[in-house]
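The next part holds the structures, each set out as structure tokens.
Two complexes, one shared chain (chain A), two partners (chain B, chain C).
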Partner chain A sequence: MNRQFRLFASRMGFSVLTALIGAGFALPLIWFLFAPFNARAELGIAIPDPFTLSNFAEVFRNGFALRGLLNSLVESVGGVILVGLGATLASYALSRSPIPGKRAITYVLLLFSSVVSGSAAMVPIFLIVTALRLIDTQLAVVLVFAGGLMPTAMFILRDFIDGIPRSYEESAMVAGASPLQAFFDVALPVIRPGIVVIVVWAFVNIWGSFLIPFILLRSSEKMPASVAIYSFYSEAGTPVVTLLAAYSLLYSLPVIALYLFVSWKFGFRFFGGIKA
Partner chain B sequence: MATVRFENIRKSFGAFTAVEDANIEVGDGEFVCLLGPSGCGKTTSLRMIAGLETPTSGRVLIGDRDVTHLHPRDRRISMVFQDYALYPHMNLADNIAYPLKVRGESEADRHRRAREVADILKIGHLLERMPSQISGGQQQRTSLARALVYPSDVYLFDEPLSNLDAKLRLEARGFLNHLQRDLGMTAIYVTHDQAEAMALATRIAVMDAGRIVQYAPPLEVYRRPATTFVANFVGNPPMNLLPVEAQISEGMLTCHAEGLSLEPLPLSRAATAALQTGSRLTLGIRPEHLGIANGADRNAIAGKLFANENMGPEALVTLERADTERLTARIFTDDILRLGTTVSLTFDTAHVHLFGPDGARLPFDGEERP
Partner chain C sequence: MRQFSLLSRRVGLVFMAPAGILVATFVIAPFFWVIFVSFTNRSLLGRTAVHPDFVGFANYLHLFDPSAFFTRGEFGFSLILTTQFVILSALFGQALLGIVLAWLLQSVPRPLKAITEAMVIGAWILPEVVIGFAWFAFLDYDNGTANMILSALHLPRGDWLLGMPFWVIVVFNTWRGTAFSMMLFNSAFASIPPSYFQAADVAGASSFQKFRDIGLPLIRGHVVTDLILITMWTFNVFTPFLLTHGGPSYRTELLSIYTYRVAFKDFEFGKGAAVGVMVMLINLCFALFYLWVARRRSHEVKA
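Our next item is the complex of A and B:
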């Protein structure tokens, strides 16, 4: 009896604990879903009465906020293209060519990248960008992100490509393909799932980043959405919750859309090898 | 179709020499097997013919063309890979037709040819499938179809049957044999399975530690192995090799070992002259050339019965000799032998092989030195 009770109590305790933790994650999400449709939204959770789109109308009247979303898109797409292209070519070369010390190269790059994209290197980055006369340009933001994310992307992709048998490209070349044809016809389609993972990862990273654009950009019309949110304050200095809520929802939609698109189109699955 | 020539090929990877001093000539329409244990350089040799590796020195010729430094696509070759290397994102039709695609043929032509070849190989009904949706044997046929879909001078095979189960392997082996003879293709085939090499090849190149130790027709390799390595590698179970001591008297050689009685061997005059009494030689006898001795046979060897494995048609009898060396015999008998008893096995001296102190074959009278 005593033992049964203890078992019951420990199960109860565990359930209550997980429920509390779950609630901790769920409450902000619930707020996030309800507040945008509530004209009198506050920081507490309330079911909107009535459901209204007036917050969104307000956002769409705000040119600064809309331009922020567009800027985010420009930076993210630019960064993703650079990272995707650069990492694919670099990791393919690192995986397939007999460069001595190629493992060391990747590890050193990986080590430095965690410094470069972190806040510790903000001052040197700022100085370099200033020296290049790129301060207050989207290009600077794109380049800094690409440089920071590329090593990790290369690391992940190189591992992925290492797992793909060389005999794919070799058989293509024996069959008459040039190295370029072998890459585009055979290697690239097999690597593609890995590239998709890199692209999604890089996009989410750049889309959600605040510090780098905040420091490298000056003019308000170039600010991305992550920085634009920061400006939704009333003259009195209190956050405008209604606007903030609606804007946050809009801000997260592209990421959700990207995930859905990728999982529909590629299914986050790998071809891998064929079991013989 | 064309001939293939290896001229003084050497290939090293850093300090490691994978292939050394290789000279081979493959005739038009020949089926040559490169046979050897893993790491002996046979796959490296094949890859040098394919152009996937470049020799450190030496020349590779296909027909009259020096292809040593040509890109694989310019060599007019086909190759079947050990892992088949089927492209996982293409269906079988596109896989088979890929060589035609890179040659710029129209889609209609490609698919017509792919279907023709697939029908010959009996995978015509699978053309819409993806490689992951077919069995291992079908994958093997698909990669064969891809190699056959365009005309080549030479067909290369890198252990194409090693991923199949035993029954499928036999079937595929017979099929490949028929196909090669039928099309008269020049084929070079890498394998570590001596039975496969014996069954398929017109000539076998046995490789050991980067060197070609014997290059001869299968029966020649079986009947007159050039070294103890070849003797031990070809044949199943492998040839029994016994250390013996030479005794030369009046130009005749007799061999001595514990429990061995052997009449003088008719070694060639030159070979005998090179030996002295006390030379350490190796005597080789194949398991299939040993039989149970009845009483006082002249050419016989004795040992304690270590194991008796009945395989159905024959029995594998293993003797353990005093110095822990073992001796295996393939015997067609139903006699029940008791473990631990001393058994005497007899043989005909016509089936005896003798190897010198360096492991090279010693020629018998009337036998050409290999």
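Our next item is the complex of A and C:
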């Protein structure tokens, strides 16, 4: 009896503690549930009265803001295509062809990409892009992300391809398929889930990034949403809260949608190890 | 039996080419170029932007100049600040909170688990600009949610961003990054056979005893992996810039923000490159240590 009670009490205690921590994580975000729908939103939490979509209407009238979202889309999709194509081909070759030292290649690339990251990389990347005369082009942003995300993408995909039996392609080739046919018609459909993971991961990374476009782009009409959002500040430097809130929500939607998609499709644990 | 290969070496190399060119240009070339530039006085504007002079170790000597090393806004100050930031927000904040959450979530009702996980993961996946602004609103002195709650509890309000900016970015980074540790420990705990815990239950062990004597020893390898990864990420993180811009008066100027200021605000590329080289050296130590641990673990599994 006593032990039963103790068990129940500890269960309750655990739930209360978890709820408190969860609430702590939710607190800074609650503001975003209300402010976008409140035409008089300030930095404090207030229930919208009346509940309105006028902030969104205002954002949609702002051509610069919309172009920011479009630019984010262009850069993310461009980067994702390059990472997806490049990593799929390369990791297939690493898994299936007799290139000498292929284990070492993956590890060395992974080592480089984790050393040349974040704060260490901004000066050299700026210099390379300047030397290539690509400063202030969206192509530069796309290429820099494609190169930076590639090693991790290759690492994940190669693991994935190594797990697929070679006999799939071997039997296709015994039946007369060329190596390329075996790749496109047999291997590729089986690898597809792995490619989806890479694509989602790369998209979220590029879509949310701030530093790289911030240092590589100059002209305001090329800025992605992460940089364009700073146009919602008045000349005095105070934020125009209503528009910022609505725009932030719009800008976050693709990430939220992808999160729901991944957790529905794979369970979110899968996503755990792979955010750079 | 020798496996016949599915791709010839030549086709394999063709397949490798696109990825190889991208990585060589935007990862490997910058690595060597920045080392070269760190020995010059290259700047963004003026004569030295086009024709930089070779200055030897001058940039490095400047970074390690003992008379100014610990002054605010100098390299040494940022290095020490970043170290404190990593220890407090990654090792104590993210890892500790992550392991506690992962342990708690095993035994709470399913809906509570789902909601809590969604909140923690939400903090991690939302774009950093949005998060930065959310925290700016959260901490606002007059109307922010944090002070609103404190007032409701009859506690004194705080001017967080001016009064204790360093603690703000520590809490901020803990909040932002706990999700990764939580998920890693979650799957680590899930890989322990349930019979271990059932046996402990029969013996009447408390939850803490089970954690200390069964859970923790069995996921030791995961703990090491987690600590190294979050240390590397936190060391390089730039997101606090969106909240504090490194200020007020350099008090939150982490190495990443210091590099940005030197190179892109003061336009001293040579000096910025030297900082970049130092950061890369530190990253290299972390990464090599990680590879060494990972290799040793995979050998243990085989043995």
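Couple of notes before you dig in:
FYI, the second predicted complex is superposed on the first by the 233 of 276 C-alpha atoms of A that agree within 3 Å, B and C clash if a C-alpha of one lies under 4 Å from a C-alpha of the other, contacts with A are read in each partner's own complex, and residues count from 1 in each chain.
In this text, a residue touches a chain if its C-beta (ideal position, glycine included) is under 8 Å from a C-beta of that chain, and two chains touch if they have at least 3 such contacts.
Note that the structure is predicted; figures quoted are calculated from it, not measured.
By the touch criterion defined above, A:32 reaches chain C but does not reach chain B.
Look at A:181: by the touch rule set out above, it reaches chain B but stays clear of chain C. In the superposed model, C is the one of chain B and chain C that contacts more residues of chain A. When the two structures are aligned on the shared chain, A:190 is found in touch with chain B, with no touch to chain C. In the superposition on chain A, contact of A:126 is made with chain C only, not with chain B. With both structures placed on the common chain, the touch criterion links A:170 to chain B and to chain C.
By the touch criterion defined above, A:85 lies against chain C but remains apart from chain B after alignment on the C-alpha atoms of chain A.
The residues of chain A shared by its contacts with chain B and with chain C are 170, 173, 271-273, 275. For chain B in complex with chain A, the residues that touch the partner chain are 50-52, 71-73, 75, 77-79, 81-89, 98-99, 101-103, 131-132, 136, 139, 143, 146, 150, 156, 163. Looking at the complex, you find that chain A touches chain B at residues 165, 167-168, 170-178, 181, 185-186, 189-190, 271-276.
Chain C contributes residues 3, 5-9, 11-13, 15-16, 18-20, 22-23, 25-31, 33-34, 37, 97, 100-101, 104-105, 107-109, 112-113, 115-117, 119-131, 133-138, 140, 142-146, 148-149, 175, 178, 180, 183-184, 186-187, 204, 206-207, 232, 236-238, 242, 254-257, 259-260, 263-264, 269, 272-273, 275-277, 279-280, 283-284, 286-288, 291 to its touches with chain A in the complex. Interface of chain A with chain C (complex): residues 3, 10-11, 14-15, 17-19, 21-22, 24-32, 35, 42-45, 82, 85-87, 89-90, 92-94, 96-99, 107, 109, 111-128, 132, 143-144, 146-148, 150-151, 154, 166, 169-170, 173, 179-180, 182-183, 204, 207-211, 215, 225-226, 229, 239, 241, 244, 248, 251-252, 255-256, 259, 268-269, 271-273, 275.
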